[in-house]
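The next part holds the structures, each set out as structure tokens.
Same chain, two partners: chain A is paired with chain B first, then with chain C.
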Partner chain A sequence: MDITEFLQAHGLRPSTWPMFADPAIWRFFGEGIRETLLISVVAVAVSFVAGLLLALGRLSTRRWIRWPSIAWIESIRALPVLLLIVYFGIKGSSLFRPIFGPDFDLPRFWAGVLGLSMYTSAVLAEIIRAGILSLPRGQTEAARALGLSHPQTLRHVILPQALRLMVPAMMAQLTTVIKDTSLVGTIGVFELLRQGRTIYTQFFNPIEVLLIVAFIYFVICFVLSQLSRRLELGRAPRLARIKIQEVQLRDQAA
Partner chain B sequence: MIPGAIVFEFPKDFFGGLWVTVQISALGLAGALIIGTGIALLRVSPLRPLRWIGAAYVEFFRNTPLVVQLFFLFLGLPLIGFRFASDTFDNIFRAACVGMALYHGAYVAEIVRGGLLGVDKGQIEAARSLGLSYVQMLRFVQLPQTFRSIVPPLGNIAIALVKNTSLASTIGVADLLFGAEVVESRTFRAEEGFGAATVLYLFLTGPLGFAVNALERRMLIAR
Partner chain C sequence: MIEFRDVHKHFGQLHVLRGIDLSLSEREVVVVIGPSGSGKSTMIRTINRLEPIDSGSLVVDGLRVHEKNVDVNRLRRDVGMVFQSFNLFPHLTAAENIMLAPMRARGLSRRESRERAERLLAKVGIPEKADVHPARLSGGQQQRVAIARALAMEPKIMLFDEPTSALDAEMIREVLDVMRQLASEGMTMVVITHEVGFAREASNRVVFMDEGRIIEDSPTATFFERPREERARQFLSKVIKH
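Coming up: the complex of A and B.
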């Protein structure tokens, strides 16, 4: 018989709802929320840059850039994000020791960012690529005919349009990343779920704590997903919409 | 030393784990399809309260992390006197399967609903005016037409599900990722261990991905 059964059998588990009136508990949750939001924003920012490079790599006309990009994106997308997070949680420090010296210790936060953005960058790359491919070919042709070089065409014509088209899809991806941050607790980042686990191991009240944690995640993600729906995918061409739907279904992780 | 040999040094952790991953995926997917179809029918039902329940289900399960749901199933439920099995290991295994089914059921529901709404309204009206009851109309007219168009997106859900079974390792199910972690903690050969797990995951999700992509391309041409 484990402790929770024992407590329950003897009626020793009183309702713990009153303890949540204490502001100290909420300060504790607040720290978790801050960490969750911070790590997701940093991870999305990092993955946006990496994803843009990967998308351009996959669209490159040079084979020795295109094929490795395809292989990288597709294999990362086929992996569980938790595997990447756990790997960097264990080996993150020693990966950087050749660069930063033998005493380097990778902060947990950055190990989490690394794992999350390695995965998210591959997903964002696919979203950005769908946006670029959905633009009418006339745009590129006109730009080239006007004498713009290939990089200039990308920089001034293609990317501004494609990225604007993909804003709602990227916002939807942000909600996925926020849900995924619940996984970096397993490598010791003190995000929302991890804070909740600390509380319920002290007070034996996982039901109350997990309901509150779920509710907080729900509010954040629900608001964001409603916002991205408000922005509408309707303007994106059909092919891009299909691609985005695929990406969102396949790569929504935890 | 041969790369990948670690798999055969610890076959129980890797292949046993792979088998558990496959089991959770299969059971979870079956459950998700059943739950998802049920919720989708609620969402398109003519009764407003039923539609409301369906919508609440979908929004709740899609907007909370799967890990939180898993923790609730295996830690929270026993406290209110509900266990999936008296044995602890059976309990977490079943909790993982149920968690997968509940979470992905919400996504399946949205896809099935999209498919149901995609069926031409004239078909439904024609079926009803021919004297078919609502249930008969669903069974013989609306659902069969739905299934064709939703196969590729459901394939994507299946891929996501296989990847997400790795979260079961956080509640202690000895799946593939768990096996890799165990091997790493015994041997400190992280690259080999996680590399082997990576290959085994690719082995599961890779063929699925190819199949779905091929199907999608065919559907694009057909439409």
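Coming up: the complex of A and C.
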């Protein structure tokens, strides 16, 4: 048995390999990478704002703000991301028609962003809350004792410290989101994995293509996780870091 | 200036303040001593409403502190507080720590606040530390920044909750020196401390607390020469031996 037969026996198709020398194929992958990164960044930005509000809501002393926030966070976190994405993919347009008029059509890109953001904001809310709670009580007390109001204390004392503590946790969340963008392919967004599928359904070489796609995901996420390790700076007190990690682990287990 | 009348406070089942009566006039310096768990800290924290009270009345600078419609933030601007654990804001430099409240709560400009911060840092003896973050300051320096931070609001009253308990012996002095100077300038002060030397030199009165009550309230000289209460006497003999 020669080498070609051996590879074919294992599902590989050496006869298609010359196509990987064609720049057009790489441009095609490139478009997927761009879409994947774009969706991730937009989704994380949206999730950060929404997550911050949800975290503050959950920490509010007012019951009519706190309880709905808790209910929202806990129920969203209990749903599969894919379900949310599919929901917005199917129902997104009609959901926004009361606001944007009867002809409104929600672009698939934004349906994907909404699905991802809805879930991610609930997770970020918990990370932000853990960051805020990990600060010593004395910080709030000192600020309040100086006559700063509650919002001023949050804005100038608590959040600047809490957000700095959370940088590593949020970078980790970004890598999760990048991987989850692969789900957005199901509603017709041409992200990286979806581009790969388009290629291998034409050339019948899924193993080669998936290996390449896997390698691209790996490089992106590995670079990010290395970056986040650099960013830890040893600045966050150990205890605070551990508390935030607990939330993440709980989230991954859920 | 400060008037407690039959003030009670519970933490759940625990009755931590059991009928506090205490009054302070302007420019008076009162030292509060007593064993841990006697309610000293809780008592001082009710003055700026960091702790709510359950019953009784507490008037500070003409304000009924624990009434519902009191503007707490206004009250707190006039009552400075220094904590055992400093509680400086670690993400801000010494000067920024001092400038924050004057800028945000008093509406001073950045320049005015900066000038004030520099003046106060000079007053507490560390003008060269303005642009240093708290992590690079010694405990004594941190506590002096914390005092400057409280003074920046130009308070009428200063509260000190065991300001030297977290400090090494050699740093205690530099903090007490600043407090002594404040007392001599006529600041109204309530100080929880076991520093007998400071109490003797700088205070007008000593209040001894135990189990949520004020057991003795005497002029400083009287308290140290012939304490009326047996419990105060025992406590004093223990503290002074150290």
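Operating definition for what follows: the second predicted complex is superposed on the first by the 218 of 254 C-alpha atoms of A that agree within 3 Å, B and C clash if a C-alpha of one lies under 4 Å from a C-alpha of the other, contacts with A are read in each partner's own complex, and residues count from 1 in each chain.
Note that contacts are C-beta pairs under 8 Å (C-beta built on N, C-alpha and C of every residue); 3 or more make two chains touch, one makes a residue touch a chain.
All figures in this text were calculated on a predicted structure; none of them were measured in a lab.
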**OP:** Could you tell me if A:Ala71 is touching chain B, chain C, both of them or neither one (first, second, both, neither)?
**Re:** neither
Original post:
Just chain B (first), just chain C (second), both, or neither: which does A:Arg164 touch?
Top reply: second
Original post:
Looking at the overlay, what does A:Leu148 touch: chain B (first), chain C (second), both, or neither?
Top reply: second
**OP:** Mind working out whether A:Leu210 is in touch with chain B, chain C, both or neither, as first, second, both or neither?
**Re:** first
Original post:
Which chain, chain B or chain C, is in touch with more residues of chain A?
Top reply: B
**OP:** Can you check the complex and tell me which residues of chain B touch chain A?
**Re:** 59-60, 62-69, 71-72, 75-76, 78-81, 107, 111, 152-153, 156-157, 159-160, 163-167, 169-170, 177, 180-181, 184, 190-191, 194, 197-198, 201-202, 205-206, 209, 212, 216, 220
Original post:
In the complex formed with chain A, which residues of chain C make contact?
Top reply: 48, 50, 73-81, 83, 85, 87-91, 100-101, 104-105, 146, 149-150, 153
**OP:** Report the residues of chain A in contact with chain B in the complex, numbered from low to high.
**Re:** 4-5, 8, 13, 74-75, 77-83, 86-87, 90-91, 175, 179-180, 182-183, 185-186, 193, 197, 200, 206-207, 210-211, 213-214, 217-218, 221-222, 225, 239, 242, 245-246, 249-254
Subject >> Complex interface listing, chain A residues touching chain C >> reply: 136, 138-139, 141-149, 152, 156-157, 160-161, 164
